[in-house]
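So that you can tell them apart, the chains are marked A, B, C and D in the order they are listed, and the count of residues begins at 1 in each.
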Amino acid sequence: MTAQYIVNGLTMGLIYALIAVGYSLVFGILKMINMAHGAVYAFGAHMILMFVTWNLGAVPAVILSVLLTGGLLVIYDRTILATLRKKKAPGIAALITTIGFSYIIQNGLMIAFGTEIKAFPALLGEKMIQVGNVKFAFSQVYILVVSIVLLVGLSLLIHKSKIGLAMRAVEQNSRAADLMGINAKGVISVTFFLSGMSAVIAALLLASYYQTVYPTMGVMIGLKGFSASVLGGIGILYGSAVGGIILGIAESLTVQFLSGAYRDAVAFILLFLILIVRPNGLFGKAKVSKV
Amino acid sequence: MALLEVSNVSKQFGGLAAVSNVDFHVNQGEIVSIIGPNGAGKTTIFNLLTGVYDVTEGKIVFDGKEIQNKKVQHIVNAGIARTFQNIRLFKNMRTIENVMVGFHQNTRYNIFDLIFRTPRFRKYEKEAHIKALEVLHSLGFEKYIHTYAGNLPYGEQRKLEIARAIATGAKLLLLDEPAAGMNPQESEELLEFILGLKDQGFTIILIEHDMSVVMNISDRIYVLDHGKMIADGLPEEIASNQMVIEAYLGKSEDDAAD
Amino acid sequence: MKKWFALLLAVVLACSALAGCGSKETSGDDGDGPIKIAYSGPMTGDNAEYGLLFQNAVELAVKQANDAGGVLGREVEVVEFDDKNSSEEAGSIAEKIVGDEDIVAVFGHFASGVAMTAAQIYQEAGVVLLSASASHVDYSSIGDYIFRNNVTQDVEAYNCLQIAVGSGVKKLGMLKLKTDWGESAENSFMAALEEIEGKSDIELVAVEEFVDGTTDFSSNITKFEEAGCDGIVVFGMYGSLGPFAKQFRQFNTETLLISVGSSYTPELIDLAGDAAEGIMFPGGMNPDSTDPKVKEFVDAYTEYSGGKEPENMSAQTYENVQMVLQAIENVGSADREAIKDELYNMTFEGVTGTISFNEIGDAVKTQVWYVVKDGQFVESEDHKLVLWDDFVASL
Amino acid sequence: MDKRDKIIWLVLLAALIVLPAVGLSRYLQRVISLIFIYSMLGLSLNIVTGYMGQISLGHAAFYAIGAYTSGLLSEHFGLNFLLTCVCGIIMAGIIGWLFSIPTTKLSGTYLAIITMGFGEIVKVVIVNWESLTHGTYGLQRIAKPEFFGFQLNTTNNGLYYLCLIFLVIFVLLCIAIERSKLGRSLRAIKDDPLAASLMGVEINHYKRMAFTISTAMAGCCGALYAHLSGYVDANSFNSDVSTLILSIVIFGGMGSIKGMLLGAAVLVSFPEVLRFVAVYRFVVYGLILIVMMVFRTDGILGGPSKRPYVFPRFVKLEKGEVTKNGTAGGK
């Protein structure tokens, strides 16, 4: 029956990959961990729920939620992070503001939506499919397809398109990129918007699979997505995808062979080992520090 | 026996040979300059001497002991200290504190001494403070003692970096382009200061582009180009050496033809 | 200069903050002025929904008492606190409550761990604590001021086993929430299983644990399928039972699901939808019961709380407040110790039945066998929960 | 320490000693004792984050190790509080030292990540190692400290003064560290690690030492808290606690000892004041973090002090040279 566990693990793994992509995008450009990413994920889920309860239909709800969540992140960057960059504040300062931002979002959701667990409509259907002795829900197929499409799409965008080139330029040296006429501020905003979009899509997939939504849903998912992005080599998109899948399967096998109680611990033990052995993750390259 | 003996030292970064088969020596009390166009590998040599990089091959003998590929702290302890091309002072610490960090290895007390303020702690702290004040006096830094290193004028920051190197108790000072970005008046002053160090018995290796400083101060000069030693000798010889001129100015139009 | 100003501002803020919440020290309850009772529950953080449900129950009971002329001709007043479901907060609040001499009794502190931390302080200072939710086995033994009007863990675990055996389950699985509540539920259940060893052919074949906040039960479900369970008892709140039931029904529609009374709320139906069909519970008050006492309470509560239906533990909270007010009426004074003594020897006709406290402060409660039928909680016609000893004898 | 600082410290200490005589309610005593403990936690993290500039997002793990070590020893062996507290310090210090060995080569973002991971791992160990830590039940009814038969509790202000005494010790310890070779080396590592190593500072050795001292101090706070509150479980040391400690260091001002006390006073008393505003207080709490970072990155008392450098008392200078109040002037 291990195949069943692998499939379960794969589903969670792809969700972690999507969240990890969100971290990698922001870290790639600004060398900063967005500690509020888990809260943004929860915010996306609640926005979709809100728009759906206004019976706007699934697709418009998701699009609106992506715009709103992406917009929230862009505004946050333009107002707070931009001033910190202008003031040349140390890295810690930006990190602390994201912690503050996550408190605001999470507790804002609690005020607006109440703290109890709410039902989320199964937007991706509930049919079950049986292949051999492995059973899985149709929505798991959705998760597989959508996340792969998104991951490939983002990688293509980063590595092949003009905006992607600009993003990598800003990542290397934003001042130089500015001199070359690239609008660094605009590129950073696009990066945040993409990071927000990947969080909303992850939220859509997971919330419709488990049909539950609650304000603190982003905390553990955020931490694990984060470990996945570091596992794969933070800042590298395909690294995050691989890291997420490894983490998802490892977690599922832990529940099979050990017990559910160690489910959360496996993410951090894996993270601990990777950081000791290869601090730059599986695919990261060690940077040579120049004197 | 020379104070410092560098024999057949090379350093490769992947395929690129930053420094290949370099030999040179420095005697006690001498001022030796290493000159060469940008990217010739001068600072790499300093990094090899101070243990920041490991040599790919070759030996470095200082004061009779082999020091290549040793840990940075051992080399500082052995008596080599350096300054940096772009100033690396402790900007958020005061002038006197910068110098006292230099004393780090000579203030021999441990964690328990400092917690319980034992006599040993007081002895070494007092010594460090007094010596730091002496060093700062020799620089004429009385009015800057309380200033933060980051707020010092440029010229003074250069001097403070040298003072900090002296504070480590080093015998050999490696000065990496101390006169960079200085106006003639300042570099003149620096010249005096370095000569003063020579009188106090320090041995100095100087990397410098400002030929007026190099020619007046150096006992001997080595010329480095693309990681290789292409010439060495007294300042006058180097000034008229054809290869050196080509290395700096490149071949003139007609010479290149033949 | 700027730094001095910032320092001054911050110190003033801190001092005013501390002075602001220093409560005045007053002497004991001197017979006039309002009778003050305290309610503390999780308004934020986990289980906040229960905190708010209980808050409505306490306020409703007090409002009804005041409308009927108050107690001993004095108005009743509630002082409310948010303990964020954390022991540290509960400790601070307990200190504050015992410091205020006017407060004569305390209700609330949702989780067992939180309640037991505060209970030590109430016991030390001699203030009655009446909980409607703590189910930890040795909660009441903390002291004679500590009461509980709630089914204890072992009674509820025994009833779950009764339902499993009564429904003819042979291979039983258990899904357990990894908290102190889940641990003690498991211990009681294991003890019950040992008691009926040999008398029934039911067998525990799989035990699965899950961390609070888990929504992915796929691996646990696969394990239950491998063990071939025809019945699973779930020790968890509706927030976990709902998703589990929904995911489980995608894999298997026959196996019987049994859970505990606290998952017995309308929200479970929203979360689990038709997957809730056929889930069985040992439960307390049935909100749709035709009993006039229950009907009147349910209507009053729903109207007061703006449409939220009461569940069993809110009903018990409501009873707790009425019992204490009744005790004050019987004794004729709001003295803390007198209330404590009166509670031991009074019996009270509450919404969930007749209540009396045994010598360590636990209310002896009976439960009803419920099953979910097309989205409604219905009392099972063909089965009835009996006292545990009678049940063991009948095997 | 110059004259002005001395006055401030003495006035503050006198005020805190007299405060209970004004008749503090048990509740206020508990809150102020918590402020003392969180000030000490701030001081402990200040060594790693304030002086050395390394962020730790899992400091509550060592706070928990100290609490559980002390709590379990007093539960099983009934040892006196001082003994269990010392064991808590040693245990947290040793685990901190072991943790620092592989992690010193990491810095900045990666160190923040791994400390956060370690915090979660410690929480999982506490929850699952039932035989040792009673798992999710936590430690119940931890004995109040007793000295020569005199039990310290909130009725006789005993716990308040115990915490105050420890706070005074912590402050003196931090001043000793700051005004020494160790303090200078840590600040040099923060400013420029490479230059520091070239001045002979053994970087990894000092990072490990700073981490060990910091975790040992956090262990001591854990022991104090366990006996103050009487009940601890895994959730008493969750990631919110680590974030609170870090925020105290940032809000108070990195590297400023007085800043730690101020940061703790404001950030611990603040949720108590806004208790009536329940849900909103966390939103405001988040706002404080953002506003502080945008407008005052050095925190309230942080940043380079304008006052002249203070020569240690025992450095007697000949008349002609620089006297203590710096006749030589300086900015």
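Note that a contact is a pair of C-beta atoms (placed from the backbone, for glycine too) under 8 Å apart; a residue touches a chain by one contact, two chains touch by 3 or more.
Keep in mind it's a predicted model, so treat the numbers as computed, not measured.
Centrality by Cα centroid goes to chain D.
Looking at A-C and A-D, the interface holding more C-beta pairs in contact is that of A-D.
The greatest centre-to-centre gap from chain B, using C-alpha centroids, is found for C. Separating the CA-averaged centres of chain B and chain C is a span of 75 Å.
One inter-chain figure worth recording: chain A and chain C are separated by 37 Å, centre to centre, where each centre is the mean of the chain's CA atoms.
Mean C-alpha positions place chain A and chain D at a centre distance of 33 Å.
The distance from the centre of chain A to the centre of chain B, with each centre set as the mean of the Cα atoms, comes to 49 Å. Counting only residues that touch two or more partner chains, chain D has 127, 194, 279, 282. Multi-chain contact residues of chain C (touching two or more other chains) are listed as 44, 178.
Residue positions 52, 84 of chain B each touch two or more of the other chains.
Within the complex formed with chain D, the residues of chain A that make contact are 27, 31-33, 80, 83-84, 87, 89-97, 99-104, 106-108, 110-111, 223, 226-227, 230, 234, 261-262, 264-265, 268-269, 271-272, 275-276, 279, 289, 291.
Against chain D, in their complex, chain B makes its touches with residues 50, 52, 72-73, 76-77, 81-82, 84, 88-94, 96-97, 100-102, 104-105, 107, 109, 111, 114-115, 117, 121-122, 124-126, 128-130, 133, 137, 142-148, 151, 164, 168. On the side of chain D, the complex with chain B involves touching residues 173, 176-177, 180-182, 184-185, 187-188, 190-192, 194-202, 209, 213, 304, 308-309, 311-312, 314-315, 317, 321-322, 326, 328-331. The residues of chain D lying in touch with chain C in their complex are 23-32, 34, 127, 130, 135-138, 140-141, 154, 229-233, 235-236, 262, 265-266, 269-270, 272-273, 275, 278-279, 282, 296, 300-301, 303. Residue ranges of chain A in contact with chain C, taken from their complex: 1, 4-5, 8, 11-12, 107, 110, 114-119, 126, 128, 135, 137, 206, 210-212, 214, 216-217, 219-220, 252, 255-256, 259-261, 263-264.
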